[in-house]
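Right after this note come the structures.
Next, two complexes with chain A in common: one pairs it with chain B, the other with chain C.
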Partner chain A sequence: MIRFLIRRVALGVLVMWLITVAVFGLFFVAPNNVARTLAGRQATPATIHLIEHRLGLDLPLWKQYTNFVGNALHGDLGFDYYHGVPVTQIIGQALPITLSLAIGAAVIWLLLGVFSGVLSAVRPRTFSDRSTTALALFFYSMPSFLLALLFLYFLYFRLTKAGFAIFPAGGYSGLTAGVGEWARHLILPWVALALLLAATYTRLTRGSMLDVLGEDYIRTARSKGLRERRVVLRHGLRSALTPVVTQFGIDLGQLVGGVVVTETVFSLPGLGKTAIDAINTQDLPVIIGIVIFASAAVVVANILVDIMYAVLDPRVRLH
Partner chain B sequence: MSDVPPVGVGAGVDSATPSQGPAGGPGAETSTGIEGRSPWVLAWQRLRHDRVAMISLVVICLIGLVAIIAPLFASVTGHPPNQQYRGPGALSPEGLPAHPSSAFWLGTDDLGRDILVRIAYGSRISLLVGVVATGMTVAIGVVVGLAAGYLGGIVDTVLARLVDVVLSVPFLLVAVALVSITGASLTITILVIGFFSWASVARIVRGQVLSLREREFVEAARSLGASDRRIMFVDVLPNVLAPVIVYATLLIPVVIVVQATLSFLGLGLPPPTADWGGMISESVQYYTVAWWFVFFPGAALLITTLAFNLFGDGVRDAFDPRTDRLIGQK
Partner chain C sequence: MALLEVDDLHVSFDTPDGLVQAVRGLTFSVERGKTLAIVGESGSGKSVSTQTITKLTRGARVSGRAIFEGEDLLTASPDHLRRVRGAKIGMIFQDPLSSLHPYYRVGWQIVEMIRAHDHSTSRRTARKRAAELLGLVGIPRPAERLDDYPHQFSGGMRQRVMIAMAMALNPVLLIADEPTTALDVTVQAQVLGVMRDLQEDFGTAIILITHDLGVVAEMSDDVVVMYAGTAMEQASRRDIFYRHHHPYTEGLLRSLPAHGGGKGRLIPIAGSPPSLINLPSGCPFAPRCPYAWDKCFRETPPLDEVFDEPGHRSACWLPHDWEGRQACEPRTETIDREETA
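On to the complex of A and B.
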């Protein structure tokens, strides 16, 4: 277990290192001259040079990189180009919003996916099984921004017009304004994000449940006289969840992408929308900071998922 | 992203003879007496009897047809894709998009352009990116997977780590950032998608090759003096094609969605090029006054991805009937 952890963390560090090199390299090879943009249209070369110097853009590339990594390891991701706000502060402000969205959506998506999968597997080839799988495929094929827009159209616009102003058009309401308001603003984004990702889990849970329910130990459990509910949920589901956990690890990267789109459509000022805004203004430190932060989050989460394996399935030995 | 389980097709096939390849189709192998049926023939026969998959295939062909005859839409309606119309019928008196009418069958957008014609032209972008980027992804993935699995050792270690790295990059975020820096174009979109998607293909291929390289026919080829390259591409490659084809079919809709998403986020093709994601993005400000502006491009996109997913599911089923599938009779 310890050896596994060490290897896994070492791999994570390697991944992060490569990502910093790649992201940094690509962004600085970019043709845009930030200093010139910042200096305005009538800037003298001296002004441009001054700005370049202040931002550290006149240092050799490797020096810029080592400075960047050194600072990042000390929890300093630099300052945004336009307002001089620390990038860590920008991330700090956006993070609670993104976490609210991502965690809420993940809970809904796992519950929805696993439950519908189990229901399908318990009654295979029935009408309810077929309609569940058809719905799953429908949402699986749905582009995230389209689903989000449809939600806005039907559940915000049409519903509000019909006199039921239940859901807001978007925006975020902090927890300080009350849990109710917070949830009301997040429910549409949560469900929009969850429905897309749940589809894979319905299919996955159904498949692995069907396999597991055919195992000898399930028959043993049944012949012991256990109730069906207990057999399915305690004996079956536990080992059927292993592939679900794997997939969850794989989907975390996708979740980041889904968050970007969902935040943009529902105007939630989380990390995704902040990144898109920064991209539109070519605010490099903010983009780099968010990309690296998100990658690190995915890497760490993947390690946690691998550990979850061993907890769920005692047959798995980590080495 | 769907996780396609590796499918073992090589079992029981005399793999030392170069396999037929997908083009081999039915009737490719004719012999007297007992007719040997290759896995490809068997798969095609199963696929042909799969109603859902065949209907999806027809839909895909129709979309392809629309892409090809897009100029016909323009000449029949008399509306070039980027022509902006003014006046009644094309824009409402307030200057908002106009309802579907006999002149504009699916309505107009915010600039008074014909949505039907633009959807027809948009299909070209989606299909082009879907097919080309998937092809590139598969090509890179197969080469990397073959090299890692067959050569082993240090090559495998390095490539496997590389796969891990690419798989743990938050793809969309990085892609958006990249495209914003390089500037949006068709080539860039395809390159970015290909660059970030090959890793899963490589992983599938590597897994298959690891077991294939221990088989007798590889040993036989080696003892005949075949070079590593020849063994990899002539002997091993045909045996990993089945899972790769299944994965590729299911990758096309994913790629189409990614392209549309990039466009939606404002990083698609520069205006006025018609593409579905871009059209939906333009419609966001108008969804409360012009439902058709969102719905028709959205429907086109959804029908396309659905058709590819249903067809891909059928292909998967045809190559490996044991796998679980989403919809179908059997």
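On to the complex of A and C.
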């Protein structure tokens, strides 16, 4: 197990390295000239050259790359082009917002998905099973921006116009301003995001649960005279959760790197929205920083999933 | 009165191909402290019938009666049934690896069983009892092994764990569904020994489902021979081996290698069991039977007493007296149903 983990971590490092190369290369191949943009319309070639020199853009590509990786390893992702703010600080400000969104939504979709999945599996092919499936597929196939916009239209715009100003139009309120305000600002994005993802979990839990309920050890559990509830939850769900945990780790890892659409629609200045803004302004260090952070989140999540396997299944621990 | 009396049990399943009649009019009884062996090929309805008694078959159409300690289990409330399962009827299954939960320690699984029926037992007491049970079924260092997972045991030891769990609450009946089929031959004998010792100590009745006549010879008091969902012959162990009436029983015995034998070839039963969806009329064994004649294909023989021996019954049209039955000669070839029909 330890050896397996070491191999997994080494592989993760390799992936991260490849990503830095890819991201770095990509943005230098792409046609853009930051120095010219920063220098303004009437800049002389000398000014542009000076700016390029200050930003280190006149160094050979390999030198720029090694400088970048060297700094990154020391926790320095450079400064943004326009305001000179450290990229790590930009990420540090956006991350709590993305985390609030992702984790809150995760709790909702996990509860919703697993609960409806179990209910479907316990009574397969009944009306309730089929309607749950239909509902899940409805949200699953809905574009995320559309669901978010519908939420805004009905639950913010129409409701506020009708005199019930319950939900804000968007924006973020930090935890320092109170948990209530924080949650009130996040509830719509949470639900909008959770409904999209819950569908996957309903289907996954249902399928996995149906497989498990056919296992011999479930028959044993019943033959022991356990209550059906205990058979389903303690014996069935315990095993059926393994694929759900895998999916959950991967999804959460992805979301921590930024929830582009939901953040944009609800004007939440998280990593996703920051990345979009940076792309619009060609703010290279910020883009690279966020991409690398998001990749790291996915890589770490995958390693955590592997560790979770061992925690969940005693059979994995020995190998 | 017998401990368990199963009367005219029918079990069928709706499948996309049609109604599968897995058990058709099975009647048998189990006496307290005795062992009843149910023998038959795969798909003869052995497992289905015993699992139906405790209602572990799901989605089945069931009719008949299964009177256990004076109450019909087939019509019992789910709550009554839950209290019978485990506490009064213990069960062990063919594959102990897949029958134990892979994620829980064996001690936990036994404790769960004990406390499911008697919540006043403390965890400590239940754990102590679990260790005792593991010792009882012959697992070395039982107290330490409580904290092991099923995959850390060998096949034979796992089946011992299953037996320990099934016997935890001292049930009056143990249903053992092919308990040794998945085990090595040497381990089989040990596991059977454990079951027999427990039976002697606690007076448990056993229903032993098997296709292995060696196991039947070793363990049983009475035998039911099943074929195509119904009983072909019922008798004491002695009669099944030495005074059988039914050609199917005869066929099973002739396809069994004799211990230390070497005299002559084994004679397999030709053909294969009928489909349980479209059962032909007449005796289900007739198409494979070396004694069959026209009547066998037309009329289903009832399960009647034979040889004037109480409790010895056979569903066959062959003469019901010993001399008459002995005079019947099997044909060397079986006839095709198409030719006679």
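By our rule, the second predicted complex is superposed on the first by the 308 of 319 C-alpha atoms of A that agree within 3 Å, B and C clash if a C-alpha of one lies under 4 Å from a C-alpha of the other, contacts with A are read in each partner's own complex, and residues count from 1 in each chain.
We take it that a contact is a pair of C-beta atoms (placed from the backbone, for glycine too) under 8 Å apart; a residue touches a chain by one contact, two chains touch by 3 or more.
Since the model is a prediction, treat every value here as computed from it, not as a measurement.
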| item | value |
| --- | --- |
| Chain A as common anchor, with chain B and chain C clashing or fitting | fit |
| Partner chain in contact with A:T220 - chain B first, chain C second, else both or neither | second |
| Touched partner set for A:S239, first chain B, second chain C, both or neither | second |
| Most chain A residues touched (candidates chain B, chain C) | B |
| Overlay on chain A, chain C to chain B nearest C-alpha distance, Å | 10 |
| Chain A residues contacted in one complex by chain B, in the other by chain C | none |
| Touching residues on chain C, where the partner in the complex is chain A | 51, 54, 56, 78, 82-87, 90-91, 93, 95, 98-103, 112-113, 116-117, 149, 151, 162, 165 |
| Sites on chain A touched by chain B in the complex | 11, 14-15, 18-19, 23, 26-27, 30, 32, 130, 133-134, 136-138, 140-146, 149-150, 152-153, 157, 200, 203-204, 206-207, 210, 246-247, 250-251, 253-254, 256-257, 260-261, 264-265, 272, 275-276, 279-280, 282, 287, 290-291, 294-295, 298-299, 302 |
| Residues of chain A defined as touching chain C within the complex | 215-217, 219-228, 230, 235, 238-239, 312-315, 318 |
| Complex interface listing, chain B residues touching chain A | 1-3, 161, 164-165, 167-174, 176-178, 180-182, 253, 257, 260-261, 264-266, 277, 280-281, 283-284, 287-288, 291, 294, 298, 301-302, 305-306, 308-310, 313, 323-324, 326-327 |
